[in-house]
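Consider the two complexes below, in which chain A is the common component and chain B and chain C are the respective partners.
What follows is the complex of A and B.
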């Protein structure tokens, strides 16, 4: 992700790692050509610190690392393998714990694909957070206004509202884990790997919240995000939102009673977007879906929301604005329909895609009008928090006869 | 090969929702008119969707079926009309795959007179090892005065056997001779049978008729120390060889007499609370909470690893053995106007007909079932408000086929209706055309949907299965109000303080106020909630916050037969911040 000096609400962790700390760093996905720059960055991040760097056994030159002689480079054969490399999967969590356990590491960093693009300072931040009193340190990136919008629209506000957890990127690519956090994630991962679902996603923030483990964020201003193999938005949304909705379902006893408040983030002024506004195709998708998918939406959404969508469908592009509370209700009702299996889950998530595109269009139009993207995301997250009782009440009494 | 239990938490049975069903009447898969295991497997998705977490199967073993399977002729196989042992293994696997545990019957007090052990015993000479498997006597005067349980059909607990030329002892029907637990070989065989099912991965065993295992002259032959010693041996074998299994005692006794069946946590994990059930019906009809609060006051504390099994109805009659004779007469007048509704010492009716099919009353009683301290047990069909057939003999009135839809035979079987093991209910109110799963699934306002929502809600809170109970004493006795409280950090239920000393604000604690109106009219009530001053009651079904509690009496008004479950929450401005 490119750098924008925008949201700095993630307080930099000041803790300095003790020199004797034996930090395990797991580069779960690293290409042979990226290995050397990745190791160079690690050397700069933790000069003189005893480290074990675990790398999948991918290249014959893995032993040629004498220039980083404070490292103990540890090529390993993964206990579980995943075909997905652009995001952390069950296999990554499983392998991380195995490695940490074998190496007797008190804490570890799990760095995802393209981690060599992070600055040494960022890696140091994450390492310090991992060795602090937190069990889970989550990377806080600074995406540009057009980037990471699935996270901003759904994953972040849902995770924050339901699990009362602050991390802006609940599915971050780079994490710091205490040994017990790694073990917990591995236990969850094992359920998937045992069923040959090594590519399954796991939600570390909600796991930590349920376990009552302290969570912190570490600022990572610069990082290139790996691109998903599938460029089809439907497939992507189906995979990630489906995983999140399943996670929400399985943790219902916890989040229905989690009521702590998350302090508001401080939003600093940032330059507006430089890219030209182009939301025409998104709005076309929404309008087309409004004609074709209305019957499916009517199975999922209550009349008040359907009325809101009808109004949205006739708005001109320049005034197109999806209210935060409308999007909140849409997401909450889709989560509920996912739990109730109102329709086939694949079709259900497919029906969410054009609504998401409408939200993206609305968000980008807003941002191009001068509203800072992060401020809008923050307002949206607050709307999700405010309306959480709606989800709780509908979850407990999913009567379709509601407003 | 021994299979592990499916539950991961050793106390899982405390949080469970049990569902009692009979393979014979649940779903027929091969069109022979009799339910079977493949049929049951085909309905597991329905049960999972309902939210129940443990299936209790009535006996499915080879049997002459003179007592609906409780007359067992072979302990370690499956009645061929229900399927095969492989079908059972498949059922077990499919249930476990859906996160449902399985409870089966261990009927060890007696066998069928068709069991090979009894056939050999009556042929064998007196004092031979074969004869010694059962309790024999040359006279029927031994154990004089021991009550006859099936008094409608049996005149004595002894029956003369012409082949053996001796009397044999039976606490139940004469075709169910009691095993002789004074013979160590009997215990060895019982342990073998128990291990057979536990090795397959069965999660729980219901110990049928457990008080009657041992006989001694001059006693009532019930709950003798020797009987408890046998239970402890069974439990020790389970604890030594298996993990996360449980036993459920059927001991139809007063609470203080049931208490020994828990031992020091070394006998049964669970026991039915028999006396509570009729008193719930009595309190409802009398519109007075006293019968309930009175029996709960007589209920002793039980070891922390133990649990009461609660139910509104089951496969037997609504038993009135644990009430006084006046109370029994009242119950007969109140709930069984037609003498055909009575059998033995009880009433052979289902939940919905008992309550005149009043939806509010059905919901109210289920709300008590789901919120009282213990594990709730639902009887199949009651979740859709099925009726009964009092023209069928014995307790078969409440054992008619499950009503799945309005097709032939209620969707239970494709057989010729005349071939069904029991006819389906066909009356205009409760008949399968009017009451069935399919129509209730399609009706968002149905009892089935209500039950499903309530079960899901209960499962969100461990307090119902694990917490303490304390009754409030409002002046209006038509109102039953009680506080359930659970503190997961407390070392035990007994160690959890009640009243003002309890911790109700720490994270993880759950405190719920339940208020029920037993009356057919709206009722006002003022509750002393001063202990919870500053907290906010949140109505749990709709997540609606009520006015904050002060040190003044807390007023509530309840519609006829309505109830509130109110979670007492720390008021929002007093909440801590997250990370």
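What follows is the complex of A and C.
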């Protein structure tokens, strides 16, 4: 049935707003100086869309100008406040859900500190991913070989092997969340905020995996990662790896049953490192630890792994290579010792630091020899997947003899 | 004269046997009280353990959101409760035994006057020794790991030094608590403690020489102006970013 021009003029014009218009953007950890560039970047990412951007009431003149371009600025007083700004914490997830619930937003973007360094296309991709069928959209960054090493060595392979989840950055700084995902994360966060642990870390990928929510990744090629206030590696490892190990412990009934295999990732060619290699200090740390911490490692690691470390300690720098299965066993045995409290947990994570540095040295030597970093990390992740039965077996029967 | 010596000896032996005869029932009562209460505690712990396992106490407690404590499998709540009950009975047995021991003597008895405080002091000394040993072990391990991660080559030496400092302090406290040794212990403790501190200070001072010189060299390097003909730009290495 064709409509006449008169009919068309008389009928009210129904303009369907694009789905992005319903998106709530939460800049939870934005600094007062970075606020304007962040908003300008969002304006470029979503031109002309009447989005709501929630910002903590940090800037003194924020309440005076409650709109920026076409955005509706929504300054709010956080229900829970966190002192950590370089990473998303329990307080951020809790506040995001409260805001999304108040604004009836079906999905929200939670952007971490220095989000203004992302390109508008990247933010748009993340927004589109958040509004797709997925409940969790995780940013996929492209770090250089010497960046994000903790993630490559421990967080990614462990999360992928145990929770059968694909995201390369399980603790990403930028996330897209559906309302139900935000609610789930807020429920977990509330346990921490109720105990005055607003700075506690939450692992959204494992939460989504346990809940059976679909997860997707959004490509973010360039982004400046905020650096932790404490530069001490021990403190960093204790905080983040400790949190991951606790998360693994609390979700043991799930991951012991999870069997799916994550499809192999396509490795894109990236230019190799140009700067000279300097791993001497890391190897010194490892050698010093080998001669001093051996008796502590012997409480945690089985004899076969200790033998592997002995061989590693006599390798010359040029040939220094920690086998993927050796590193896998080390991480799994430390997870087990964390669960069993074989030694004090602070001591345990402190004893892991030199072993991690040995892995970093081995990884960098390998990358400088021409092997793409991402390929090595994929191989490592596969080694973690292959060796998962060892962890499951020892988790269930910790006292069984393991040579 | 021999008669007097004989009399003195027989009176002395008689007094010693009487004291021993008075002492033994009290000691027997103490031992019996401890043994009976220990056996009773063990029996109660076994029954309680079965009951807690039957009602799935561990699972209920873990599921309770109000109690957000982490329990290791080797230190489950059930095990903690049953061990608590057992040791409470042992301590109760000890208290009953000491009370019985005390009651076995007259109030002005010399034996009771000396032995009873010594017995209670011994319990305190044992607890002090256990706590000191545990603390020494914990601190030694903490120092060792932190020193290794700070790349101090004398990490083990430092750790052993800290361990012995705490052990010497504990031993001195235990001996003082038991009132053994008198001023000799104070003197020996002062010499030993001071000696260990001095040794550690010297070792750290000499061992840190390289670190200090490296730090000073680094400062001097940064103060050299690029216009200086002897200036060579340092080779830049990529900064590692762990997160």
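Criterion: the second predicted complex is superposed on the first by the 374 of 403 C-alpha atoms of A that agree within 3 Å, B and C clash if a C-alpha of one lies under 4 Å from a C-alpha of the other, contacts with A are read in each partner's own complex, and residues count from 1 in each chain.
Operating definition for what follows: contacts are C-beta pairs under 8 Å (C-beta built on N, C-alpha and C of every residue); 3 or more make two chains touch, one makes a residue touch a chain.
As the structure is a computational prediction, the values presented were derived from the model and not from experiment.
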Look at where chain B and chain C land on chain A after superposing the complexes, then choose clash or fit.
clash
Is A:268 contacted by the first partner chain B, the second partner chain C, both or neither?
neither
Now for A:166: first (chain B), second (chain C), both, or neither, which partner does it touch?
first
After lining up the shared chain so the two structures overlap, which partner does A:369 touch, if you call chain B first and chain C second: first, second, both or neither?
neither
Quick one: is A:386 in contact with chain B, with chain C, with both, or with neither? Answer first, second, both or neither.
neither
More chain A residues in contact [chain B versus chain C]:
C
Partner chain in contact with A:398 - chain B first, chain C second, else both or neither
both
Thinking of the overlay built on chain A, is A:296 touched by chain B (first), by chain C (second), by both, or by neither?
second
Quick check on my understanding: which residues of chain A belong to both its chain B contact set and its chain C contact set?
398
Flag every residue of chain C that touches chain A in the complex, lowest number first.
65, 68, 70, 72-75, 138, 141-142, 144-146, 148-149, 151, 153, 155-156, 235-243
Within their complex, state which residues of chain A touch chain C.
86-87, 143-144, 146-151, 191, 195, 225, 227-228, 233-234, 236-237, 240, 246, 249, 273, 275-276, 278, 281, 284-285, 288-289, 292-293, 296, 339-341, 343-344, 346-347, 350-351, 353-354, 360, 398
Help me check something: in the complex, which residues belonging to chain A touch chain B?
164-166, 212, 214-216, 252-253, 256-257, 259-263, 389, 392-393, 396-401
Touching residues of chain B toward chain A in the complex: what are they?
444-445, 449, 453, 456-457, 459-462, 507, 510, 540-544, 569-570, 572, 575-579
